[in-house]
Each structure stands twice: as C-alpha cells, then as structure tokens.
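Labels for the chains are A, B, C and D, by order of writing; each one numbers its residues from 1.
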Amino acid sequence: MIKVGIIGGTGYTGVELLRLLHCHPEAEVVAISSRSLNGKRVDSIFPSLVSLCDLIFTLPDDESLYHCDVVFFATPHGVAMESAGAFIEKGVKVIDLGADFRISDAKEWSNWYSMVHTQPKLLSSAVYGLPESNRNLIKNANLVANPGCYPTAIQLALLPLLSNKLIDLSNIVADCKSGVSGAGRVANQSTLLSEAGESFKAYGVSGHRHYPEIKQELVTMAGSNVGITFVPHLVPMIRGIFATLYVDLLDESIDIRPYFENTYSDEHFVTILDDGVYPETRSVRSSNYCQISWQKIPNSSKLVVMSVIDNLVKGASGQAIQNMNIMFSLEEGAGLNQIGLIP
Amino acid sequence: MIKVGIIGGTGYTGVELLRLLHCHPEAEVVAISSRSLNGKRVDSIFPSLVSLCDLIFTLPDDESLYHCDVVFFATPHGVAMESAGAFIEKGVKVIDLGADFRISDAKEWSNWYSMVHTQPKLLSSAVYGLPESNRNLIKNANLVANPGCYPTAIQLALLPLLSNKLIDLSNIVADCKSGVSGAGRVANQSTLLSEAGESFKAYGVSGHRHYPEIKQELVTMAGSNVGITFVPHLVPMIRGIFATLYVDLLDESIDIRPYFENTYSDEHFVTILDDGVYPETRSVRSSNYCQISWQKIPNSSKLVVMSVIDNLVKGASGQAIQNMNIMFSLEEGAGLNQIGLIP
Amino acid sequence: MIKVGIIGGTGYTGVELLRLLHCHPEAEVVAISSRSLNGKRVDSIFPSLVSLCDLIFTLPDDESLYHCDVVFFATPHGVAMESAGAFIEKGVKVIDLGADFRISDAKEWSNWYSMVHTQPKLLSSAVYGLPESNRNLIKNANLVANPGCYPTAIQLALLPLLSNKLIDLSNIVADCKSGVSGAGRVANQSTLLSEAGESFKAYGVSGHRHYPEIKQELVTMAGSNVGITFVPHLVPMIRGIFATLYVDLLDESIDIRPYFENTYSDEHFVTILDDGVYPETRSVRSSNYCQISWQKIPNSSKLVVMSVIDNLVKGASGQAIQNMNIMFSLEEGAGLNQIGLIP
Amino acid sequence: MIKVGIIGGTGYTGVELLRLLHCHPEAEVVAISSRSLNGKRVDSIFPSLVSLCDLIFTLPDDESLYHCDVVFFATPHGVAMESAGAFIEKGVKVIDLGADFRISDAKEWSNWYSMVHTQPKLLSSAVYGLPESNRNLIKNANLVANPGCYPTAIQLALLPLLSNKLIDLSNIVADCKSGVSGAGRVANQSTLLSEAGESFKAYGVSGHRHYPEIKQELVTMAGSNVGITFVPHLVPMIRGIFATLYVDLLDESIDIRPYFENTYSDEHFVTILDDGVYPETRSVRSSNYCQISWQKIPNSSKLVVMSVIDNLVKGASGQAIQNMNIMFSLEEGAGLNQIGLIP
C-alpha cells in the first residue's frame, strides 16, 4: 500500500484527491495538511466524507508527511516551489498540482506569476506530467508538474495534428470554456452563484496564466514555433472544460481520423468519438476521461476539433493519480475507473 | 419628480432599486452612496447600467443625500439605526430595507442582532411597511421599516386565515425556500456557485433573524399568541422565495376561498390562483407580485398554503418603492408594472 | 461473477445501474433491453459509456435475460407486474425499481395507478426492499420491490422515532424537495431547463403516488395508524432529495440522539450528523449514503428531522444493488463505495 | 394606440412579446392565436400573466387578427410564408420572427429548410430587420424579416470592421454560445434540465440554419465574399447569447475604437464597453441591449471581438418591437426601456 500525503488539502483538488483515492486499491492517504485548519477533522470541512474519513488536518511540516511515499501539493503557486525539495531529498516523490514547475523557463514563469522562481535547479529536474506525451519520463521522475486544466484539454486535442505536422502552426485559435470550480473554493464575489449563475462571460482575454504553459507544450509537440490565440470563458456550471480548437489543415483533403486513432490507440483515458458525434462535458463529469471529436468545414481548410475533460479529474486530481500510478508502476487506471455521472 | 437617494447602494437591493426606479415615471435617483466605492461610477460596478446611469458613488454623509425627498437605506443592520434620524429631522423620509426598525421591542432586537438598539424613540415611530396590512399607517409615516423577504411571503399567505380566526394558532409550520441572492453580494464561501449550485440545504434551523419579525406580525394579525416553526432552506437559483405553510383549520368543512378573495380583492400585487394551480417562483421573477394558492388535505384538518415572491422585489426593493409611492400619494404601482420573466 | 440483466435500460435508473455496476467486483451486466432501441449500442445513447460498454440493447424477451442470476426492472409501472413471474419461475431473482410491487394492497395500488393489478399472488410474495428495516426478508426474497425515492428519505428519517414510539402519530408533516431527474428522461415540457431551471415549485399536492407507499410503511413501523401530510417540491437541480419532517415529541425533554444511534449503529449507508450540522444534498450526490440530522424547536414539542439522499442512488439504483448484494450474500456495500461528488 | 396581433403565441418569443408590450405606451396586443390552445385563456399557459392579461387564444384565421395594425408571426418556419400575404393585402404590416423571409435566395432557403419557398415575390419585398444596418428600409417596409439571434450578435460585432474594410475577409471564426431557451418551449429530451443542465456542448457544427443568414448579411456589409466558420454551443442557462469573434486585422497597428464608436454613436441599443471590460450575458438579460468589447492579441494580427444579447429580446421579440416602432414612426425605444436583470 502506497502511503500518500496531501499538502494543502482544503480546496477542490484536495477533496477530489480524497474522493478518488478512497477507491484506490493500492494507495491510501495517511496525512493531509492545512495551516488554517490544523487540528480539525477533515470530514468537518467536507460533509461528503462524514463517517468515511478519520484524517485530521496537520501543519504542512508535520513529520507524518515525510514518511509518505508520495506527496501531492494542492497549494497556491509559490508553496510547492519552496517545500518540494525537502521531500525529494528524503526520498518522497512529489506531484505538484499547482503551477510552480510547469514552465521550464524560470524567467517566463516569474513574469506570469509576479514572483521570482527560487528553485531553478529543481525546476530543471521536473517532468511535465501529461502521460499521453511524457509517460516514459514520468516513470522515473521524482518531481512531476501536473498540467493545468485548459492545457490538458488543448494538448490532447492537438497532439495528433502537431506531431504529424498536419496544420498551419501560425493560426491556431483555442476558444475554451470552463465550469466555475476551476476558480477554486476561496470566497470570491465574481464566482458567487448570484454572479456567475445564469450568465456566460469571457475572462483573462488579455493574458491568462495557462497561456505560456500551452504555448510551451505545443511548441514541443510541433518542434517549431506556434501562434495560438487562447480565450477562456466561464460557464454557469460546476465542473467541466470544453475546448473548441480552430485550425487550418495544410492539406484539405486529408482524412485525419487515422492520425487520432494511431496516437491514442493505447491510451485508456482518451476516447475518440464517431463522426458527427460531438462531446459534452457531462460525459466525463467525475471521470478521468477526455473525449475528442472534430468537424471539417466544407470548402475550406478549417478544421474544428473539440475536447472535453472534467477540470478537477483529468484536469487536476485524476491526472495526478494517473501520474502517481505511472511513477509507482501500478496499473495506470487504478482508482480511476469511475464512469461519468449522467445525468 | 421625487428625488431619491440610496444609502449603501453596492448590494443587490441597491442595484434592484436602480433597475426599478429607472422605469418610474415620477421618481429619480439623484444620489447614491458607498463608503468603499466613493468616487467610482455606478455603472463600473453594475454592468447592466452602462450607458444608462451617470451616477457616481458618494460618501454616506454627502450633502446631496440630504436634498432628497426620500432615502432608501440598503445597508447592513446597525447603519440605518444611527443615521436615519438626521434625515428625518431635515424632512427627508426614510425607508429602511434592513432590519433596524422591524422589531418593535428593542431588547428583542438586540438579542437577535447582538447589538444594542440605540434609537428606541425612533424605533417607536417606525411603521412596518407591509402595504397589504398597514397601508394607512404607511401613508403618513416618515420612517418605514421595509419587511424581510421571508416575513413578506409568510404574512401574505396567512393574513386571511389569521385575521378571520380560521386556524389553530398553536401549530403553524412555515417551510420556506429561498434563492441565493437573499444571502447578498458579499464574497462568501458557502454561496459560491460551486458550493450552493446543484445542492439543496436547510440553514438557520436553530434560529433565523426573520423569526421574531414573523412572530411579531402574525401575533398582531391574530390578536393573540402564535406558535410557529420556521425553517428556511437554500435553493440553487438566484431569485425567488417559496413558502409552504402547514396549518390546521378549526372547521374542516370551511371554504377558505372567499376569505382570501375578500382580503385581497383590492390588492394589485397579490394574486390568488385557481384551485389546483400551484405557484412557481419564476412566475414572479423580476416582478412585485405575490401569487398564492392552497390545498386542503382530505380527511384531515390540514391545509397547505403556498406563496411565492421575488425576494429582491416584493421581498425588498419593489416593496420599498411600493411604500414610497404610498408615502408620496403616487399611484401605488408606479414603476412596478413589470411582468415576471418567463422563461 | 453474478450475471445481471436490465429490463428497460434507457432511463436514468438504467444508466445509473450501468455506472454503479461497472465498479462492482462480483457482478456484471450481461444483457439489457429496450423495445425502442433494440439493436442499438448502449454507448450510442449514453455518451459517458463510450469505449467502456459493449452491450447492445435487446428486446425484453431476449433469451439472454433469462440466463441471468438477477434482473432489474427499470420500467414504467405495469411492465414488471406482467413480466416478473416468468423470470422467477426460471429461477431468476427480480428487483423491480418501479412501483408494481410496493403497495401490498392490490386495490389501493389500482386506485393510484389507474390500472388493475393482475398479479396479486406475486404481489403477496414480494418483499419491500428497504434494507434498514427489512434486511432479513430481503435475504431470502425472489422478488424485491425497490422503494421509491421520497419514501426512502422519509422512512430513514422517521424509523427511530416510530419504532420507539417517541412522537405523536397524528400530526406528521413531510415537506420534500427533489431534483428534476426524479421526473425521468422522457421529453416533457415542464422539466425543460427553460421551464424548471431557476424556479422552485410544489407539485402533486393533492395526491402523489408515493403517498400510499409512505403511509403503508410508516404504519408498519409505528404498529398503528399514522396521519401524514406529504408535499413534494421540484428543485432546479439534477440530483438529490431533501426531506424536512415536522413531528411532535410526546416527551419534549427527551434526548433523541441515542435512538438514532442505536437504530443505525450497524447501518453502513445511514450517517447521523453532529448537532448543529444540517445535511446538504450534494454531500451524497452520486453516493448511496443517507445523511440525517435534526433540530429540536425551543419551547415547543416540535422536532425537525432532515434527511438527504441521491434520488438515483439510495433512492433507486444504488439501493437496488444493495438489495442484490443482500440477496446473493455479497458484501452489502460492494460496488457502492463511491463518495459524494463535492463540488 | 397601435393594435397588435400575435400569430402562434405559445412559445417563448410569444410570451416575450406579451411581457414587453405590456409596458409599451403606444401599442396593445388585441389578438393572439394558437391552433392547439384555441379558446384557452393566455394566462392559463403563462402563469406570469395571471390577473394581468385577459386575452383568449383564437385560431390563426380569426377576424380579429386582420383588424390589427401589425401582426407578429412567432411560428415555425413555413407558416408565415403561407399566411403573411393575406395580411399585407389588407394593409396589416407583418413582422416575422421566424426564418421565412430572412434568406433572399429562395433556393438557398429551400436547401436549409427542406421545403420549397412558395412566395418568392413576397420574399423579394421583405426587408431584413436589423435596425442598425437597415433602418431606412425598415421605415417603409410592410414585411420585415426579424433577424435570428446568432446573426444579430455576430453582425453587430462585425459591422464596424466590415463596413470599414479593416479585416481579412477570408478567415473569420464565430464561436457562439447560447442559453437553452433558443431551442424553444417544445418538449425535447436534449433540452431537459437533467440533460442540458451542468453540461456544455457544441451542436450543429456541420451546418446550422443561421449560417446562410450570417453569411448573406456579412457579405452585404463587406461588399465582397466572406469566409466564416460558425460553431454554436449550448450553455446551461436559460437566456443569453455570447459571440466570440476571431478576425485578422489588415493593419495590426490600427486603433479600432473610433470605428466602433462612429458606427454606433447614435444607436441606443448598442453599448461599447471600455478597454479591458468584457461583456457578460447577464448584463443584458431581459433587456434589448447589445454590449460589445474587443481585445487585440499582442504580437499578432488577431483581434477578438465579443458581443452579448438576450436571445429572446434583442435576438427576437425586443428587436421585433424595435422594428415595429420604426415602421410606425414611434420612439424607437418605446416599450424597451427595461434594464438588464442583475442578479
């Protein structure tokens, strides 16, 4: 049984780790920290856990966390950066659900997060944890940077097109839509039900922190520079990300299905839909799957690719567990066999 | 043209006053205050008002407010208590949308609001502003205590039964349900869309601040003591209150329709539904109407009465404007002719 | 491995059985029928199942269903009544998620369902499948009538009070609230998002089909007649039932906690909350748990008891699987270890 | 007082006409038809109208409709095509909220609506009713084709760019999102709250009926051919359309604000937001306004333009009334002075 610790377990990715790991056959959460809730029962904060979880929140430097096999950081940016090193030195593997190790260029990171990156050495040892493109590196990693939610949905939609050089790299549009849980559990006027309910809006149009992560990974996939316009929007629902990608095929007559099928034939968590079937976020609600489909626009080079994930599962905690499974040579889908919640 | 001021215009009752008064033929908002937003444009806070409102937030002691004919207090409890007197002395009528003048017993008020009531004299001059039961007093009032949202829905449902002594006063149950806007616009974890959305819960079961107001007014209507159990619940929607009242008829065989029709025959904003038609909150969304119906339970003395209002209109800002119209001898429905928003 | 069949698998209880049984370690769905979708792939109807389910809808008299160990009827009323007998004769156990075998009085059933009950003998052999009150009978049953959603929430809230004779039986009020999925997956104007969204209403106030079931079981628990007023309401959300029960304690001074704790000490799926903690439907969303708490009203005999379930899990498919587990001597919680989905 | 008739008043655009015209100072609905509800009271179908509307549904050929000054067709496609002529011959002006007269090429219309266009002559006399681009023609029209909801949002966002030839016409992407009321009031499985709630999806990606209308009008504005990719999505909310347009500026360095301000300086219902402010659909909920803003993407020719409308108001019934006002030389905003409903 793998011993798991969670640093900063009071947000949605924290409770999602608890929910998913509860059903994991070979891993068990043995410690969970929260500065503000130190000493409180976990089930007093998350009522879904009453009678199902005996954990008590500790301080983040509690000894119990260092006796784990792996710790997940579910913390605001800047925290994992400072603390991850101490765990790795003691042989505890680290998976950071935050942004601290996603951008390989420390200076670029600093620009977007208004904070100096103090651990450039650690950063250079981190592996970007998208299993579908980085599985082999993840296997041997001690520090995994779990991808952001938007970047996950966008990369999985574009990977077959970029790695096979099928599209014009200079003109990619990613129009993305997210449920409100992506904004976290902290009290915030703009995500009150009375503000975000029954309304739809764009945000971060002038620049969103996921942009450099998206760009970095697409460039790696394409092996050359990429011009992408990324606009996130807020949907009046709790969970789910829908990415609509607009790209131009270099050859209008090409059949792209084989490229998607080849890329994902061995990927358990990526599902290619039939022609004419478009994804819905509910199909993957509470599950770790990504569903993808596309539509070629007639008399045009334009191709529309659509992908959906649950932002808290494949877009955060589920993918983190998938990474853990890979790092510990467990079955990759262990603990992740839940089906999407319909209705 | 009546000159209107709003004290504390940054919450939902404030913007609702602006929305409704925008269509009022004989009243105009000329000043609006907010300590925190002093100097800011009102339409920079409420995007529905862009190009439709030129007001700038002032401080609450700004001279312009004292030149109004009437000011609405849309403030947290304790504020109107301290400031209303100064307005009334200068001949400005005051309508308080908060709780400071609703409970006539200052000590009782202090118990529920954990604050000494410093203005017992002012309190004794205040008129409780439910037009359907207090119209004549409102006409000549200088200070009106606008009723709470739950108390409005409950009183209108019970008035014909209490004033005609048709029910057992010792066993009234008021199971009430409210949309989330009743909790206000202040950032609060429990009313985030991710927390309050797609869920239903009870709250304040051990004691809600509207309880003493409800009890006080029902006792007045009944002319005798009343035993009422009041349980509020939170509905995953923005606007609306639904009150389900369970009472025991003293005479099972009585036809209660005439009592309701007589009570409300001249009331423009109370609508009695046909037998077998039950109210829905959406029927009165954005409007000042209250819709009421009931069902007699067969082989039992039990009667179920149901009423709906929009908590921000008849339950707050709309009723406040109705009170203003009465106080200034305008047509009672002026500015309030909007129909419920379906769908 | 227990072989499971589903008759009428095109609705929400059908897909919920598929979702839950997908994670069941000792049961497997091998056949599923639908007259209208005969020959179609199941995952073409439920997109959450794409790549996870290879089943094809058959006709309801398909041979494969008779080779199962157990069949679930997820059909409109009247269907299981006619078909269950043939399965039982061949040694296939039957669990009916519909209403055909819930009411032991065939005439009463006929009154509420406007249809003659053609199988009174089968009806008399049926066991009412609430494990918390009928576990021993369920163990040996060949035909289980799975309880309705409202009846489940109400019974679990009242069982300790009734079986210990703590309350006035003549004056019980059950004010219940349900998500819209309770109305099923059939196209219906009144449950369109544009009609049922952002609104709250009562329905079936003059008589709901769950009433005779509730009454029958409460009378059995109490061992004497019971007077109950039951009003269901529709909540603008997908899943969840919240029951608010108003009862009068015979002895105001009694501490009821021990009675609840004794009744449910060995019940895995019933959770008693701490004093002052009230349930929320989201705490049990997607899970088989029922959470219960209560509040004594001061200076009164009134007790408010609150319970929550997921109408599609403990209120339907989850409870049906719990019954199956009991009938086949499996671990009672097998396949049901999912935690509620928060957020 | 202008006498108004409504043909086919049982859907959302019908009740929206009733809601808005209720506050119109110079127009009054005197007749409303519905084949299926002939003889029924209008307020028995729309509970928001109880006590506020005495109309009875008639048959569509009822004499009363021919005595109107104007009739609105709120009917499925094909109905207005057959019936409009008879009204126009008798001097009754016609505004069609449906699609029958929007596409000037009868053959193109037939392709998209799978129906022969039987009235090519009438079609050629119809005026496309977008006041912001066609006001002068609308003034003298006897037959106005009220624009579709998506086309309205898209055209208002692009008009200043197209008419001033600022963008590359070959590469326009319109990623649009609509609330569910756009799908109408007819019972439909895919728009049940349990299906469309808490989920986001694309639809009509391979071809939506609004596409030829969008293309036709953009071509007119541009004075040359236009290549546009249009993808509509369904948002889990009732009202609102959000259009996100991606275009390439011919001159990256240009300041586009003056072009928007010039185009809309005299347009009461189009609001240009400040830099850095992005629209939200709720800002125009229940109102006839369109709010627009944009963001230039740095180091790129890409410009993102965003617009919002209420699909039932500016996208349907409100714009129809605006057209009526123009046709009858009334104040253009008469009956349309409601402010967006926040919250």
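Basically, contacts are C-beta pairs under 8 Å (C-beta built on N, C-alpha and C of every residue); 3 or more make two chains touch, one makes a residue touch a chain.
In this text the structure is predicted, and so the values were computed from the model without any measurement.
Colleague: Taking each chain's centre as the mean of its CA atoms, which one is farthest from the centre of chain C?
Modeller: Between chain C and every other chain, the largest centroid distance is to D.
Colleague: Give the chain pair, either B-D or B-C, that is connected by more C-beta contacts.
Modeller: More contacting C-beta pairs are found at B-C.
Colleague: Can you compute the centre-to-centre distance for chain C and chain D, using the mean CA position of each chain? Integer Å is fine.
Modeller: Between these chains, centre-to-centre, one finds 45 Å.
Colleague: If you average the Cα atoms of chain B and of chain C to get two centres, how far apart are those centres in Å?
Modeller: 39
Colleague: With centres defined as the mean C-alpha position, give me the chain B-chain D separation in Å.
Modeller: That pair's centroid distance is 36 Å.
Colleague: Which residues of chain B are in contact with two or more other chains?
Modeller: 12, 179, 181, 185, 194-195, 197-198, 236-239, 279-280, 282, 285, 343
Colleague: What does chain D use to touch chain B in their complex?
Modeller: Going by the criterion above, the answer is residues 12, 15, 18-19, 22-23, 46-52, 181, 185, 198, 238-239, 271, 273, 277, 279-280, 282-287, 289, 291, 312, 337-343.
Colleague: Taking the touch rule as given, give the residues of chain B at its contact with chain A in the complex, in rising order.
Modeller: Against chain A, the touching part of chain B is residues 12, 179-181, 183, 185-189, 191-198, 236-238.
Colleague: In the complex of these two chains, what residues of chain D are touching chain A?
Modeller: The touching residues are 171, 173, 175, 177, 179, 194-195, 197-203, 205-206, 227, 229, 231, 233, 235-240, 242, 244, 246, 276, 278-282, 285, 295, 297, 300, 302, 304, 306, 308, 343.
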